[in-house]
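Listed after this line are the structures, all set down as structure tokens.
In what comes next, subunit A is part of two complexes: it sits with subunit B in the first one and with subunit C in the second one.
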Partner chain A sequence: MFYRRAGIRHTRYQDERQLFPLGFDRFLILSVLALLIAAPFLLDRFYLAGYLIPWLIWTSAALGLNLLMGGAGQIHLGYGAVMAIGAYTSVHLVRAGVPLEFAMIAGGLMSASIGIVFGAAALRVKGIYLAMATLAMQYIVDFVISQTPAISGGSLATIQVPPVSFLGISLRGDTETYYFALFVCFLIALFMLNVGRTSFGRALAAVREKDYAAQILGVSVFKYKLLAFWVSSFIGGVVGSVLAVCYLRAISPDQFHIELSIQLLAMVIVGGLGSVLGPFFGAALILFAPIVLNNLTGLVATSFGLAIPIDLRAHIPLIAYGALVIGFLLYEPLGLAKIYSNLRNYMLVWPFRHAQR
Partner chain B sequence: MDYILIAELAVSGLFVGLMYALVSLGIVLIYKTSGLVNLAQGAMAMTGGYVTWAIAAGLGAPMWIAIMAALVVMFGAGMMVERLALRRMIGQPVIMTIMLTLGIEIMLRGLMPGVFGAAVKRLDIGIPQAPLFLGELLINRATLIGGVISLGLIVLSLAFFNSRYGVVMRAVADDQTASWSVGIRVERAIAVAWGLGAVMATSAGILWGATQGVDWSLSLLLVKALAIAILGGLDSIPGVLLAGLIVGVAESLATGIIDPLVGGGTRDIVASVIILVTLLLKPHGLFGREHIERV
Partner chain C sequence: MAVNRRIFVSGTAATLAAPALIPSHAFGQDKVIRFTMAQDFTRIYTFVTSEYSQGQRDYFTLINERGGVNGHRIQADVADHANDLPRAIEAYERGKREGAVLCDPLSTPVARALVPRALEDKINLITAFSGRSDAADGSAFPYVLPLSINYWTQAGLIVDHFAKVAGGSLRGKKIVFVHIDTPFGKEPLPILQVLAQRQGFELVTFPYTPPGNDQAAIWPQVRRARPDFVMFWGAGVGQTVAMTEAIRNGLPMDRVSSSVWMSESDMEVVGKAAAKGVMKVEPCASGRDPKPIKDILAEVVAKGKGAGPEAKIGTAYYNYGVQMASLMVEGVRKAFEKSPNGPITGAWLNEGLRSISNFTAEGMLPPTTVTKEDHQGGGQGRISQWDGTKFVPITGWFTANQDVVWGEVKKYSEEFRRTGK
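Moving on to the complex of A and B:
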């Protein structure tokens, strides 16, 4: 019904190949984008800084991880460390007086050049062993960052991010920061949408399906595995610097620990492996469901006079987060994006279900 | 360098390593039979500690009954985890099973402190606190007894693999389809492996709980257990024994010798370095079987 295909005639190949061939999809995307652009005028400051900005940043990071996991089929348990490298590099550069635009790129390049070491492990081992190797690297990078005074400013130190501006706009207020995060997220999403249509994306898909087969077809597994880690780590580094500048504003090593990596992994899985829409849904659910649930239990406890122990209430977010991951893997392994696409497929031909191919 | 100190560190490292090895024994057992790496093993050890504490303190049972009851409960819990969660994952990509066990880990890490309280629980299994002097070496009695019990359990599990059911499990580990065709109930063997894995995690949780108290930090045993499992080879039980000793001694020596040089924190990094070096040099570990992949 809504996603009407009737009356849409593609008379040129170009029309078939566009990102969103259906008019309704384009309309939906544009209206969501318009809503996001209008958000600072519609929403309270609190929601903007507390919900939308982290959502955009975590989504961008999950998109970068999804390129590696969904696109190239490599497991990465150390994405938090990659982001930490980008964040620390760019913050140190900004403090040294380098403009943010260059500092971000430099953070990305630094992350990419270290992230490619993670990729070197992928050349040697795969599957569960790769997961272990990246996990170990996460701990090692954490250790190096927190134990090197030149990077972290001494153990248990936090580094303040000085006031910065992007393309001449000062990123002090929430509105400017929000637009900056939205811009970065938009660019990364656009890249991810298009990467599947390039030879690079197709080579990654070949490597994902079977690396030997890809090699036989003439796709250099060596090159594309490293390239996948390079690109994904570059995105991670840039997002890490955005995270530091826009949201944290003072960075310390413990903000980039294994918990961040697992959180991003959970967003990718819950959202949908290999989909661009997925990380948007996944980030929203993983970030906000525990908070909402916690508030709900608080509400229930006060309105019905139930005495929920304080320890239990403190741990409800963790329980909810674990339960979400388990539940999605068991009941919808392809995540929220799959649920959306099922709905879309249903609506495409509703009410003529028998017409579905 | 002070040789007494080094000897002391090495000896205590040996026993601590044996206690780590007990956690990774479960990982190896589960990997051997079902080909999955259980990242919830540390959280299972924590759960075992909490359950023992709850039975002992909550129901007022004597400690040995509490331990027995906890082992039985956790055997059932391990089988339930396999039956309800992991069995549905057969045929899914490896990232899904990794993520599922991580999800279980996160949930247990929230559930146990949430239900039983987050404060550190003392678990007194009757080991005197006074240190033991062996010549000039000072040895922590809890780690000594814990290490000896762990060694006993590891030897016991080696013996188990020569028993009738152990042979069945070895067959399943070798080739699931072939075992199926000669009438072995593969699903049950895998479920039993998960149950036994949970039992080993529980005994490790009790021993560690006796030395450092029961709280969520018991789940951090996971990284060390993984290091041992990978260094020894994911499917080798003798490997666990040797790798446990190596990791324990390496960690203890690093804490004593490198820590003063770099300002602390090496204890947690030794395991990661061992994982990385093993994977890059000899991915199948010291005793692991090399898998030859066919296209």
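Moving on to the complex of A and C:
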């Protein structure tokens, strides 16, 4: 009914090649985009600064990681360090007077060139061993940043981000930073959507499924593994600088520790490996489930006058959050994006139950 | 009923959507001053926070039971931010929307991220024993208030006390500084280096890798260096491990001192008798003797309104909580003195907090005077020593080496002023 399809039929090649072949999908995506663009006028500043901005930034980062993990099948446990390199490079450049537009790109390039060095490990090792190699990157980068006062910023180890502007718009208020984060997230999502239908994306998929089979088919594993690390680290570096400028506003080494890497990994896995929609759902769940559960516990405690000790009150949401993540992995191992896809498949031919695809 | 995928997904969606749908309780009382106390109960600070928060809430209950300040109740919204920035910023923004005029995150990373926001939104950010040490400079950070001695001052106090123990001069002595290898652990280094040069003692530093649960390689080296005095700088597990290793290596514990981060709970881990003699910096009196603690026991806990286990009352971190809460309440009192009719805003409370003068909370605190320039409150503390059962003060309230501390404060606050705006 909504999709007006009983099975997908295309009569022209152009139709099939579109990003969103179905009219209803296009309508849906444009309405969500319109809502996001209108958000600063519809929502209180609290929702903008407390929810939407972090959601967009973390989603962008998870998208970059998903290119590597879901797209090329290479595990990365040091993505927080990749973002740190981008953040520190761009903030130092901005402080030296370089415009943000260039500093962001430079941050991305720096992350990419360091990320590819550690990515080179992927040429020799796989799976759990690659996880260890990237974990080493996390700790080495952490160590270098916090042990070099010139990078970390002296004995307080905090560097302030000076006021910046992007394409002539000053990024001071929440609305401006929100649009900036939305713009970057939009670009990255668009890129990720398109990667799937390029030769690059197909080569990555081949490498993901079986690297030596890909090599036999004529896909250069050497080239595409490094390229996957390069592109993903570049995105990570750019998002790192967005995170620093839009959200943190003062950077210190502890903001980019292993916790951030694990958080992003969880977003990608819970959201759905290899999906573009997945990181959006994954970031929302991982970032906001603890907040919402915390508020819910608080609400229940105050509404029913329960005298729960604060220690317990702080830990109940953690228990629920852990159960939630396990539950999602148990009931839908393919991630949150798959839940949406199930729903969509059902609605595709609704009210009928079955249709030829 | 077997849980299948559909039930799990729809059940979760309903639970997560519930808080948005249930209207939150609008509190009827208009005479309320709200503080946002989102702190880390679950990740790094854990038991420190729960004792600190218990002290704060008990003190607020005490004040509210007595009728509040000028008829206004103090409401502390306690939540857990787990040292996680998105959660902390959400809590801060929530507090701001609900009209909170003060925020106390008790976390260095969170305080760092909140500094630019608090300065912009004019919300008082309390950064006791956390956050940027240069926030002592009130002229650069009008809305960031440590209200307590920072780590630079603590290092200065310890060195000054060492000099007294050594008979007036540290010339030719050797001080070993064992610290966690993080920005927090390295923070006192510039102060110690200047003092070493000025007072002619030799400074030897030993960093250990975070989180510091294995320091076995460090302490034999400390022993071999034959130090006259030892300072150890860490937090959480690193502190107890450091003490255990110091005892194992036979260092004279009455020549060993720590920052404010040492409590009775640590002593239970180390062994109460073995740790005898070790010193720490006290920002306020510990134990149950100070008047505010006695009042809390009589007026709050006796009525069954205590916020947590009674055994924790009077422990070091509990008293830090009472110390900070009493300073906040004193700030509210001063703000009412200045402009009795409000309106109650961050700027209004800021005026009050920055005019606290010679406040001692009936003898519990060193005389604390906060001015528009000095947010540290005068930089007074004292050294106390573990006697096997409790911490006993061995000096009066004093301050020392503030010229060095302020040199460092100004260096960083100037830098912040230049680039932060």
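The rule we apply is simple: the second predicted complex is superposed on the first by the 338 of 357 C-alpha atoms of A that agree within 3 Å, B and C clash if a C-alpha of one lies under 4 Å from a C-alpha of the other, contacts with A are read in each partner's own complex, and residues count from 1 in each chain.
Heads up, the rule we're going with is that a residue touches a chain if its C-beta (ideal position, glycine included) is under 8 Å from a C-beta of that chain, and two chains touch if they have at least 3 such contacts.
No experiment lies behind these values; they were computed from the predicted model shown.
*Asks:* If we overlay the two complexes on their shared chain A, which of subunit B and subunit C does A:T302 touch? Say first, second, both or neither.
*Replies:* After superposition on chain A, A:T302 lies in contact with subunit C alone.
*Asks:* In the overlay, answer first, second, both or neither for which of subunit B and subunit C A:A157 touches.
*Replies:* Only subunit C; A:A157 stays clear of subunit B.
*Asks:* Would you sort A:R45 into first (subunit B), second (subunit C), both or neither based on which partner it touches?
*Replies:* In the superposition, A:R45 touches subunit C alone.
*Asks:* Could you say whether A:R249 touches subunit B, subunit C, both of them, or neither, answering first, second, both or neither?
*Replies:* A:R249: touches subunit C, not subunit B.
*Asks:* After the superposition on A, what does A:L33 contact: first (subunit B), second (subunit C), both or neither?
*Replies:* Neither subunit B nor subunit C is touched by A:L33.
*Asks:* Where does A:S146 make contact in the superposed view: on subunit B (first), on subunit C (second), on both, or on neither?
*Replies:* Touch partners of A:S146: subunit B and subunit C.
*Asks:* Does the superposition put A:L19 against subunit B (first), subunit C (second), both, or neither?
*Replies:* Once the two structures are laid over each other on A, A:L19 reaches no partner at all.
*Asks:* Touching A:H315 in the superposition: subunit B (first), subunit C (second), both, neither?
*Replies:* Both partners.
*Asks:* Both subunit B and subunit C contact which residues of subunit A?
*Replies:* 146, 155, 309, 311, 314-315, 317-318, 324
*Asks:* Spell out the residues on subunit C that touch subunit A in their complex, using ranges where they run on.
*Replies:* The contact residues of subunit C facing subunit A are 3-5, 8-9, 12, 15-16, 18-19, 22, 24-25, 41-42, 50, 53-54, 78-80, 82, 84-87, 89-91, 93-94, 96-97, 108-109, 112-113, 115-117, 132-134, 181-183, 186-187, 189-190, 307-308, 408, 412, 416, 419-421.
*Asks:* Once bound in the complex, which stretches of subunit A touch subunit C?
*Replies:* Going by the criterion above, the answer is residues 44-46, 49-51, 54, 58, 95, 146, 152, 154-158, 160, 162-163, 247-250, 252-255, 259, 287, 289-296, 298-299, 302-303, 309-311, 313-315, 317-318, 324, 327-328, 331-332, 339.
*Asks:* Going by the contact rule set out above, which residues of subunit B touch subunit A in the complex?
*Replies:* 37, 85, 88-89, 92-96, 98-100, 102-111, 113-115, 117-118, 223, 226-227, 230, 234, 262-265, 268-269, 271-273, 275-276, 279-280, 283, 293, 295
*Asks:* Tell me, which parts of subunit A touch subunit B in their complex?
*Replies:* Checking each residue of subunit A against subunit B gives 69, 73, 75, 121, 124-125, 127-129, 131-133, 135-140, 143, 146-147, 155, 210, 212-213, 262, 265-266, 269, 273, 309, 311-312, 314-326, 329-330, 333.
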